[in-house]
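You will see subunit A twice below: alongside subunit B first, and alongside subunit C after that.
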Partner chain A sequence: MTASALRLSRTGMSAPVLRAFRRAPSGMIGAGVVAAILVVAVLGPIVFGDEAQERDLTNASQGVSREHLLGTDALGRDILARLIVATRLSIGLGLASAALAMVAGILIGVSAALFGGRARVIVLRTIDTMISFPSILVAVFFSVILGRGVTGALIGVAASTAFHIARITSTLAISASRRDYVDAARVLGVRGRPLVVRYVLRNIGEPLTVAASVVVGSSIVTISALSFLGLGPQAPQYDWGTMLTEGVKAIYRTPAAALGPAGAIAISAFAFAFVGEAVARAMNPRLWTAPSGRAARAVATAPAATLVEQAAAAGRARPDERVEVGGKDGPPALEVTDLVISFPSAQGATEVIKGVTFSVGEGEIVGIVGESGSGKTMTALAVAQLVPYPGRVSGSVRLHGRELTDLSRKELDSLLGNDLAVVFQDPMASLNPRLTIGTQLGQAVRVHKGFSRRRARDLAVRSLAEVSIPAGETQLGRYPNEFSGGMRQRAMIAMGVMKEPSLLIADEPTTALDVTIQAQIMDVLHDINARHRTSMILISHDLALVKQNCHRVLVMYAGRIVEDLEADAIRTQAVHPYTKALVGTVPEIGQSRTGPLPDIPGEIPDPADPPPGCPFHPRCPLAVDRCSVERPPLLHRGGGHRAACHVANEGVE
Partner chain B sequence: MLELRDLSVRYGSGRRSLTAVDRVSLDIPSGATLGLVGESGSGKSTLARAIVGLLPIAGGSVRLDGADHTRQAARTAPAYRRRVQMVFQDPHSSLNPRMSVGQAMVEAVGKREGELSRAERRAEAVRALESVGLGATALERYPHEFSGGQRQRIAIARALAVRPQLIVLDEVTSALDVSVQATILNLLTDLQREFGLSYLFVSHNLSVVSLMSEAVAVMYLGRIVERGPAGDVFGRPRHPYTQALMKSLPSLSSARAHAPVVGDVPDPRNLPPGCPFHTRCPVGPLTRPDRSVCLEQDPQLVASSQPNEAACHFAAAPGGAASEAAGAHV
Partner chain C sequence: MSVRILRQVGQRLLGLVFVLAAVVTSVFLMMQLVPGDPLVSETGGVTQEQLDRLRALYGLDQSVFDQFTAYVGNLFQGDLGRSFRTQEPVVDIIQQRIWSSLELAGAALLIVMFVGFPLAMFAAAATREGRHRRLEVGFLSVTSVLGATPNYLIATLLAFVFAVQFTLLPVGGSGSFEQLILPALAVAIAPTMSLARIVRLETLDVLSQDYVRTARSQRLPTHMIYLRHVFPNVLTAALTVGGLIFAEVIGGAVIVENVFARPGLGTALVDGVLSNNYPVVQGATLVLAVTVVVVNTAVDITLDVLDPRARTG
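Let's look at the complex of A and B:
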């Protein structure tokens, strides 16, 4: 049973591995060199064995000549021939000791991962102690104990590298064995060797293969070094190391005698390393299929961390989405016009945001909802000028009339410190674990406003009070890891609002938190909004949260706004079939469950290959012929309500 | 079919030990769903893992159809594994990225009772995939080639492949979009009907639990604070913590309410004395200094005339008002 499952796995794996391997040029070159070395190792002694032994004392210690391409040694033997013959011993010893080291290292490393408690600690400490000795010292130690010669060198070198392999293996195996799929396999009843091989070893195979190739290379080098010291093969046996010893003696007269073996050692070490790396890459199933738009989507949804290049504001005219902005009360705080974000892809460039226009009034809380991949986070990052490299942004983003897309890096830093604040989903990723909360809060105002230490401290305490962290004075000295998730998110919000920004962008600020804590954080945000008339963008996958906490909702689908309406009206007045479908999927307590729950069949379109016409038409229950041909414009329906749907907008000018 | 009595699960030992699950008693009825609700740190996932044998049990008992399975060896035995399966939260990490769907499914089918030929195993794997709406074309593909919803279907198919009677579902829709969540919930309901499965449905999402469960238990800091029929627990919650959870839950049909409870969940290594909820409780000593009993006595779940039991000295009467009489017996 187990054997046939493995057989299935092998036949399913080798072909794509080979195909992926062939795509890597460095691997192919390395493989060619390794193949040549192996051929030489096998055939060399047979073909050149006699020539390598032929003494010609009249021609001793000669330099490079036509008959002797690398010269001759002290006994007049041809060095090239001897180098070729020595390949078998050098490579053989290297491979054998590497194999020994890998087997021993993996066994020790995996056993550390399998053991729990004290046994694991003992194994790990032993490994740590062993690797603290320099490898060559360990190798010398073993080969001296076991006696000069081939066996001593072999075991000495294997012992010196085995513990390094054990260290890598134990670290990788311990982390791999903590993965859910190992637990899932255990629950199925998979145990023993299949569990270790299929679930743990196969998932750490990639780094171990690289390590193995490096070990082959380094073993060849270390064995040569032992021979160089006279601890390796003894005459009449010889390898590249012993040849190097002889060559070095005559290096001033006949440099080729030393450079030949040195070159052979270096080239084989490199070749094995290249092959190992290419094999490791080829083992990853993700690389077996040609890259598709999914990769572009992965880039697009990756969290941004760095301030990135400014986009050339090549404003594209999109008359259908041009909209007079202007809120209920006075000029809007934020105006986003024709925002387009693209990422380089196999097709040239893939647009993940395809022309987004909206505004946020002063003191207004605008929610952005949509499924993952709809572009809601990317839109918010673009507003904060935080689109990750290599994304390109075009269009206009104006905060209180000031164009943000033209700002210099320095002006941007100051903007993000003062006028605009961003709160991300995971506060731990945004806080420095090595600095106290007080230092991090204080830093912000001291840098941007030039406040004194005392004044910054007072402000920090006040900000903490504002986000309902009591006893701020005592909290300042604590580190982020001493805070709960809710406290960290409060601290992040405190940091964001201490300079009273006019716009706060909160990207899934409560997704990682419990509902009771979420309610507390929402109270804090509303409090800030009410007290300072701070405009806010709240991004969430939770329609109910957005409905309850925002004035207006933007519903995004496939990189575009498909509906823009008052939050309170989302259940009763939404007209877009996607919005209606989303509303239908929100489960409610006490909902009577007679039939199946409403869902949205199908998947969101691939941004690299969107369907023609309306991007929602393949999933839409109302789609008519026109929907698959012509993309519906986002039209005003009165009262600030916009929708992009041919069917819903029938009769709307 | 599954009976837990005074079940405790502990992490670590000595002074640094942590009782993640504290004397929990639950019954999972045959062919029905028990919902288990709680926030992070409540012990609900620990309990789920202990049931499927991923964690040892420190005290109490586990019985499956009357047979005792308290010993760790009994819960890791093939006979138990075949009957009790689990689906994990994140289908991105619960499927081995280095095994094709076919390899994973064939392996799971191979854990069934009796010997099957290779062709039979493959046919069974396809049948399990078809029951979750996927087909034979999935066999040759790897997990990364599927969307999150499809991966969760594969994980469900893998659990089904051994033909279990009980499936522990640990936050199975938390990593998915709402549109996909509905699809997975519908699938689970259909499978339950088709195969007569029992579910332990673990989730932090009250509304999803209310849709899926016949009976519900609410956990807080390792204990069950309220349990009963789903309609009663969600319709007339009696424990102030259940009430707070329901008030905190965003809803499309109601307006925003202020946060009903203050503060964070206490450190489980350093539990408050008396009732573990008293540090946050809106009807406890925080607002009612006269209710000092909450600081001194740990309330137990007691049977009462109501269908839902609550571990609270001042549990609300079914009408909703806190019952003074309920506290009078102490």
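Let's look at the complex of A and C:
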């Protein structure tokens, strides 16, 4: 057990934290080296004390030899022995200074949390100002007023570090003191110091442990820097820093005299830093499994994780899903066939889209509805070739008959850049906060259609007018944050309209907006559809919205289409029990239609353990024995109506 | 520019005045707080009479308050006192040395920005969404090891490799370009690595934003996505740590000057401390601290002005 591990267990770290610490190889190596350094610090002066003082002027300033592994200094003393003896002072000063910095920093930081109003502001400002100075400058300042030597260096380095600790502590303590349980304690009559000690300190203990483990390493380094400059221990005392000074002077003749102390400082700096990093990692449970936190989070937030399902190894039953194309009229703008999207997972690969086939006719508005996690957004992203890494897409996506997977990057840029527009859900996040509306509207036509700046401007003004944003000329120079939510979404749509796309995908375009604005946005979309015969895919979890605004509706459940039918027919002709359940609870016209999908008894399939057979059968009122065994295929019922249900499709070939 | 932004800038400048006053006071107090008599060690073996004369010369016989007003008054006239050693005006000493320090800090800052930024952006682009795990591990290992290596060790190592082993570059002095290379690298390497780590994380954060997906959905060329959509957002985020990086560079320059024996403010400061030449120490400390404070305020004001929200209201 090393000192830092002991410190961990004393502050009440749980077993998994220790396990996580042990699992990190760099942390264990660091801990081992730290332990070795501490042993040397304790025993070094006892064992090598005499040898370090032994002068041999006939052998002064010698290089590396068998008797003197790191050579000798100007007085003929063995450098290696001195290095070992100096460990105690170097490490001791670092530890003492770190301890002092922790105590002072926590006191200053907690005092900031205890004060209110102006006093707190002053303390916080002081902390911020102090940490903006180079720590060496602060340390020099203190070592001047305290006198050169061990005390000055120790306090100087502690002072420069303390404000960093104070900054962390104040941030943590102020946020901790705002939490409910502290308020509750206050109501119960716990006041002043006991309150801070008991509630705040306990809750900021872990982050401060991490800080402490980092501070030890940095203190050793800064103390050695001061010693190196001559502001630390004065002769006859010596530490690694003073030895480095002597070594650098002799670097041309006996480089080992400089490299020895440099190595000692570097090794302890890294050892303590590794331990610090491992402590930080061990304290953060999110980082336990994956080597990279961010990557782990990226995987965790990818849709795969919400719908984890073992890939059906034995030939996915994929029925013949030929579709008579041409939904509304004319040839289809978009044909998607057998679309499968999978993400790597613990089980190998998890499919979030499990074979989706549909088409969108020219001028047709197709709605896709489903609960979150049903795969509707992922389907849209696949059409736009925006499936996030490391998702894999297979199947066919054809835009105006051109197979997207066959196209080169350049051809894709040109085709999608001109013909496809995507309007994303959150207009605040989807517009770049640092670019003007004009820049963002104009860039696509400038790149893909080679428009001049002026022509792009004129077009942008017209597009803004088309989405009912007046005075476009003045709006172009403004930034997204100067727009209201509704205006931003219109600007997004105007951005899509700019290039007169043949297909526009709107992913929950009105979710973030209030009802009146919702209606206006839908009007804008309808207008564009009517004027330019733009095909559209409207994705929503709001069935009423889709029903009112689309020609055709695709209902998705657990990565598959379960029903595909005319929007007008959805009340009367829907056959799938899931669709029926959705319809059954849709409010009538005139009632609020802002609500999300209605509550259907039961839960969406457990991602880790999807039900066999029809994924909906556990929630289905009509389920028969067959439903829990065999997955129902999506069958044509005539008139473009498709459904995937054993019960409903009885007798359908 | 709105009223709000002007008021914010005004507040920053007011804060700057307060901090400058605190810096001046602290620097003045330095000599007052020195243990023992600041002149004694310098004037060992002098008579009491001579000591009194020296005291009068440096104004140390007056009350602390009078000394302070005199100090501040002189400061406004560009007088930082005289060296205990050479009687030379401290201002002259600083003027002789400041250019060497500016050269070193400037060169190091250029390296930090022009190596740290591209390195971070390339690393972020290559490792976004968990791509190229090995590259990510390599980047993190190299930057954390180099970022944690103290500048005086890097300086020692550079001196050993380039000056002693291969005798490619000079190891001391200042003035020539060759003499600048090793010190500038020694100052720059650690801050470059810490900046690269921070900027990579910021870039990854920006890359995961919806507006980048919007830009991708428009099929803009890659360079346009990175330069126009990602870079400005990363830049402002990185600028918030600009003050800290600057302080790291200044602190590094102070130390590294001493390793390479460059006659600059850092060597003036340390030599001053070692020889109890307090007026020089005060002068160098003041110039360094004021530089840091002014640059920090400038960074804050730049951030205020760049913030698009500054335009409203």
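FYI, the second predicted complex is superposed on the first by the 466 of 653 C-alpha atoms of A that agree within 3 Å, B and C clash if a C-alpha of one lies under 4 Å from a C-alpha of the other, contacts with A are read in each partner's own complex, and residues count from 1 in each chain.
Everything that follows uses one rule, which is that contacts are C-beta pairs under 8 Å (C-beta built on N, C-alpha and C of every residue); 3 or more make two chains touch, one makes a residue touch a chain.
None of the values given here were measured: they were computed from a predicted structure.
In the superposition on chain A, contact is made by A:516 with subunit B only, not with subunit C. Contacts of A:544 after superposition: subunit B is touched, whereas subunit C is not reached. Looking at the shared chain after the overlay, A:447 reaches subunit C, while subunit B stays out of its contact range. Once chain A of one complex is fitted onto chain A of the other, the partner contacts of A:570 are limited to subunit B, with no touch recorded for subunit C. Residue contacts after overlaying the shared chain place A:252 against subunit C, while subunit B stays out of touching range.
By the touch criterion stated above, A:371 is placed in contact with subunit B alone, subunit C being left untouched. Under the contact criterion defined above, no residue of subunit A touches both subunit B in one complex and subunit C in the other.
In the complex of the two chains, the subunit B residues touching subunit A come out as 39-40, 49, 52-54, 76, 78, 81-82, 85-86, 88-90, 93-100, 102-103, 106-108, 110-111, 115, 118, 140, 142, 144-145, 147-149, 155, 158-159, 162, 177-183, 185-186, 189-190, 204-208, 210-211, 234-235, 244-262, 264-265, 280. Per the touch definition, subunit C reaches subunit A in the complex via residues 15, 19, 22, 26, 29-30, 33-35, 127-131, 133, 136-137, 140, 144-145, 148-150, 152-153, 156-157, 159-160, 163-164, 171, 201, 204, 208-211, 213-221, 224, 228-229, 232-233, 236, 243-244, 247-248, 250-252, 254-255, 258-259, 269-270, 273-274, 278, 281, 285, 288-289, 292-293, 296, 308-309, 311-312. Subunit A meets subunit C in the complex at residues 125, 129, 131-137, 140-141, 143-148, 217, 221, 224-225, 228-231, 244, 247-248, 251-252, 255, 258-259, 262, 265-266, 269-270, 273, 277, 291-292, 294-296, 298-299, 384, 386, 388-390, 412-414, 416-417, 420-422, 424, 426, 429-435, 439, 443-444, 447-448, 479-482, 492, 495.
Those residues of subunit A that touch subunit B in the shared complex are 1-2, 4-5, 8-9, 12, 179-181, 183-190, 194, 198-199, 202-203, 205, 285-286, 288-289, 371-372, 484-487, 514-520, 522-523, 526, 541-545, 547-549, 570-571, 581-583, 585-591, 593, 596-601, 603.
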